[in-house]
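Chain IDs A, B, C, D, E, F, G and H follow the sequence of writing; residue 1 opens each chain.
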């Protein structure tokens, strides 16, 4: 049963910041950094970021992603590419959380924004870079149709992230979630609403399979 | 208050067949045909169709649409085109119900099938005919993403029809319905799950606005 | 694929203001106005309106509609009429959003308020003007019954807009939405809860079909 | 605590037949009739009815209502009227269950059918009889709008009965139920989906308040 | 169609205060009082009450009910009694809204509180007064079981009012609402969650049937 | 980790029969009986029971409970009593499943039926036996109010079992489930809809705490 | 019927603090303490605690549990152990509410935290103490899987408490609640979301069965 | 846009058999096999299988998986392993659908059954083989807890498949779906309820990333 730490070697420790005070987050971070080289703090505000940067030198605040990373010994980026696609500016925080997560886990990330399904010309204009990735994370709110369209254009794994963006019958992201679960695009898998971290983490696990050095 | 019949001039009377016996449907049809030139019977089986055709000469059975039409005095088709688009063979019965409804109300209808969002090349290959229509009905189950994509490619009214096709988290068409209500495509309006009749009726009301002879 | 701009000629660009700061909205507006003659900003507060008016001369604040329009070259109104009907004062902001959207897209709009289904005498008193419209937008919260009643009184397309007005088992507009989707009135189509913009946009697309000059 | 039987004097005993075999229903009926003058058996099929009529002479089968009544000593009908209104033929079984229940409890009942909200002229044509009733039961499926319209036309108690009639987003009567609970008509109260019995029972309790002989 | 005012004679005009400013409420009240003898303002705060009392002399603030009544010519109370029962102190605002509504409509009201189903001895201790009423309003949150128990103890109409009191799986009153709709107590009818006004109004309509002077 | 078998000593092995053929159930039963003294087969039909009884001599078919027990070495019943209460005859199969489960696990069980909340006199008439039990299982469909009432009358653990009995807004037992989860009766715990087995199992675990011989 | 007080002897009176002002809570507490030796006040803030401690000397504020206890005559702890297990720090307030409730009712409580299902080594490391308890309370948010795992490791009653911890598709604890109700672990019973009090109360009722002195 | 076929090289064509007649399935299969080397037919009965095997020589019927494969030129299995884990016998059809899908796409598959979370000893006994896989598919109904536990024991991608197995509050697999979406196990992604095909397809896309020969 003691394979736990061995298995997780190279993975960051993660602190879910929502509902914790800056002081609590700093205390947990200090305790983890005593024996871990890198941590990722998600769902925080500028206030948390400020407290973490005051305490820990290498702390980096990713404002749009609402994350702080502290990496005492950054991993070299592995070969394959992770693409993070989203449609609107409202989805950017979730997309950035996914991107920052994949980056701290040692992946190169390409961000592709403003490519919604009602403006196909923009999406098709970025097809080359999308098709060159090993894994594609697709972030979308409202009707959550983008992953189906993308899955029809690539042969690589697609991870869909519904967001809580929308109003009325979006029911806090439920419409996008159901849309993605019912995707007609073969091979699409889905994570929880707004769970950019989970998508970035899964993408990294997948991309790591191609990593000979690991 | 007595404007009702005047308003409805030229519109068919409609019998919703589900839950009625063939005998009941024949009796209602006979009663309506006593003073109406045309009726549309929806959601019926071959058994109903057979009973209607035995009784009424001009009755036509539209098998895939699960409809019978009886039209003693067919309307001349008006100028503008109604396009009916759907992705999969499973959605065809609902699409055909929409098409048959629009046709009996005096519209020319173009059917465009097998154009799902995960096979964009097929959809884009039919773009010319889609863009030439006055109204576009888009029928889709599963994630219901097709109307958003279509709405981005045209400037005409798009009526979305969710279908109950799917399983698991499609929840009998709820996923497609929510997807369509949250469509990022401007100007998309939605009817009830599987309501091909309603979509065809609304499309005809819209197309009739361009009808000088009316 | 490059038909996008051509298709959208004459349509306004739209900024969904909710969740954006006044500064963000002003920045996006400036960028759009560099190459567009008219924009519509929805779901804003007085603070956003003030920032927009300070920056852009022709900006008009529609307080009840919670919108700002900036129109450097107003379109001439086309012939047909769009009617916007609602029952209670609480539904007015959504109804006004629909009306302002239809107006900036070049439509004449008639507003008809205070005509709920439990006071039929008021609705029937306005029947003439309602029956003279090309398209009728019906805005209603609570049980969402008004579109069914109106659809029985006209032969033109009816677009139903559920609102989130109500409490308890209205579930944020879900009751009204379901009521409208199940409308017994033939030809009623529905947009998302509180989506006045979508209804106005669809109404304009429909009314434009009668526009010879276009 | 022993006021139970006294309170219920004059009320029928009721057997809910759904899920019971004809033999079980006959056995329960026999046991109740040993000390009760009248019983009402609801939600039964022709097979149950046949078994009951074979065993009990005064048994009456109300086919459309799916009920059998056995009344050894019919109550004289009291003065006030109970009106039972419904829109479509599909709602008739529930409306009849309400009517039969009210009748066996000693009320005069007026049935008013085919008066949906999208055909107001028919409803308004029956206004006199509706306004003359002491209590009005309104049965409706789909969007459940009829009770709101009726409540605006009378000053008496209105009991709304949603039915499971509909498809798609009617969700087995949920849409009608929510519509009725959110009715803008003051004084509307609601019973469970398809609960014609409950509505008839409540209507009788209300009408009995006007009964001097009781 | 002009029977509206006649029908409503004696009924108060009602202003739903939630979402309106004190100034708006005062303005609407002034306009109604120009030709109505009495109004009821519901869902207001102390601030609204203060503004109304400053403007209108006979205004009475019912703090727990969150209502103001202005009655220039109070109706004499009719004979029959309306009982308003609730279980906990949290349900009191809704119960009071029902009571105040019934009172301004000319009914004598008896309030019975602190009689939940898990303390039957207290409920049974008040049985005499409950059984003496013409109509019983039962207000309950959480599991909404009280109406079923009360309905088993009386032979008069019971109106159940679910409240949004509770947490977790009460889902804002949905649990209580469903419980009441499925009540095993014959003759229970239900109004919307927290709709004390609707219950009081319906109770008054019912009690008025016994009113010879009306 | 190998404490599993030790922990479960004395517990029956259980086969959930729904969805399995008689042949499959017999095969699994044979395999379990090779090294277990007793098994319980739930959710079966008469056909399964017949197959089991043909194969295994001591098999007992509990028809109402839809269970078969095979007990090669019955446990002596322990001291404390388990009471199983239900309101209507429709709830009996679930109540019997609970009772049979508790019995095969070595408990004395008292069944108390026909004691619904709208007939309190019957419930109060059985209070002595209910209060003498160590654990009380309360089975109820519809509004699920019975556990709250019972919990107010005893000081022992109450396990509530919602049943799928009901129609319309009972939503397959959801109404009863929510009612029980929101019970105002302190100390009520709940199992899944129709899960008589789970309730009987938990009751036995609780009653076993009083068992000195174990 | 007057067995109520006798039955409840030794049980604390409970005040649900949420939605009550500090002054209201103090007033109710004073009234209860006039004839009760101990009370438990749940769901309060520091402000309520401060007001209670100023007024009542023996008041103890349990900050993490958000409770105050006032116990004029503490009960001696009985023999058996109640274990309270939870996975994450976010679940601690609910777990503490359960623990404080069990303690004031005279039980020894062992708290076991940080033992989630994705870190089995930590859970298995605490197996001895868990298996030594008479009753195990398991508190979990998110997917609510912990009770199933624990139930497989013990033979004693397990009470599962879902918490509202999570985001997106956790739907305020609904995911955890459904997970627990569908637990594959035999004998798991469930209380409402966040209902630590109910779990502690039920655990005490169960543990009391082993109490010879009572 | 014509990259579609190139992208899909090596992938099977898939026919979703549910709702299609044997004749329809045979016809579609014949049409696909005219230009494709391999097809997979899912959700079929023995009748479909028999029709396919009569027509196509190399057709193989996978009874438990409810699939037929027709592979004219089987792909050589690539190096990495796909593990398919499930808890109960009821989940086997979905697990087999996943396994058959992964196999026809050229993957070695290891099946691991009977390892539910309430019997950890069995799961831990298979840890070696699970940890040796490149991708792990975890199939579970009821509370859907197994993926979280597995994700804590491996560092590879975990794809969770909820099944519709269960009753009552499992709501056709919704409980398992929500549990998996809220998994505390980092890196878990989810597919639709019962979607074994989608999981097998995604697993193959992931495993293919390690395939040098491709």
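Just a few scattered comments:
The working rule: a contact is a pair of C-beta atoms (placed from the backbone, for glycine too) under 8 Å apart; a residue touches a chain by one contact, two chains touch by 3 or more.
Just so you know, these numbers come straight off a predicted model, no measurement behind them.
Both chain B and chain F are touched by D, H.
Each step here moves to a touching chain, and the least such steps from chain B to chain H number 1. Farthest from chain A, judged by the mean position of CA atoms in each chain, is D. Set against the C-alpha centre of chain C, every other chain centre is closer than that of F. Taking C-D and A-C together, the chain pair joined by more C-beta contacts is C-D. Computed from the mean C-alpha positions, the centre of chain C lies at a distance of 57 Å from the centre of chain F. In terms of their C-alpha centroids, the spacing between chain A and chain H amounts to 26 Å.
Taking each chain's centre as the mean of its C-alpha atoms, chain A lies 47 Å from chain F. The set of chain E residues that touch two or more partner chains comprises 1, 4, 119-120, 124, 152-153, 168-170, 174, 177, 181-182, 186, 192-193. The set of touching chain pairs reads A-B, A-C, A-G, A-H, B-C, B-D, B-H, C-D, C-E, D-E, D-F, E-F, E-G, F-G, F-H, G-H, using the touch definition from the header. By the touch criterion given at the top, residues 87-88, 116-120, 142-145, 148-149, 151-153, 166, 168-171, 174-176, 178-186 of chain H touch chain G in their complex. Chain E makes touch with chain C in their complex at residues 1-2, 4, 18-19, 162, 164, 172-174, 177, 192-195. Residues 1, 3-4, 7-8, 11, 14, 80, 124, 131, 134, 152-157, 159, 177, 181-182, 186-193, 197-199, 201-202, 204-207, 209-210 of chain B are the ones touching chain C in the complex. Residue ranges of chain H in contact with chain F, taken from their complex: 90, 119-121, 124, 167-170.
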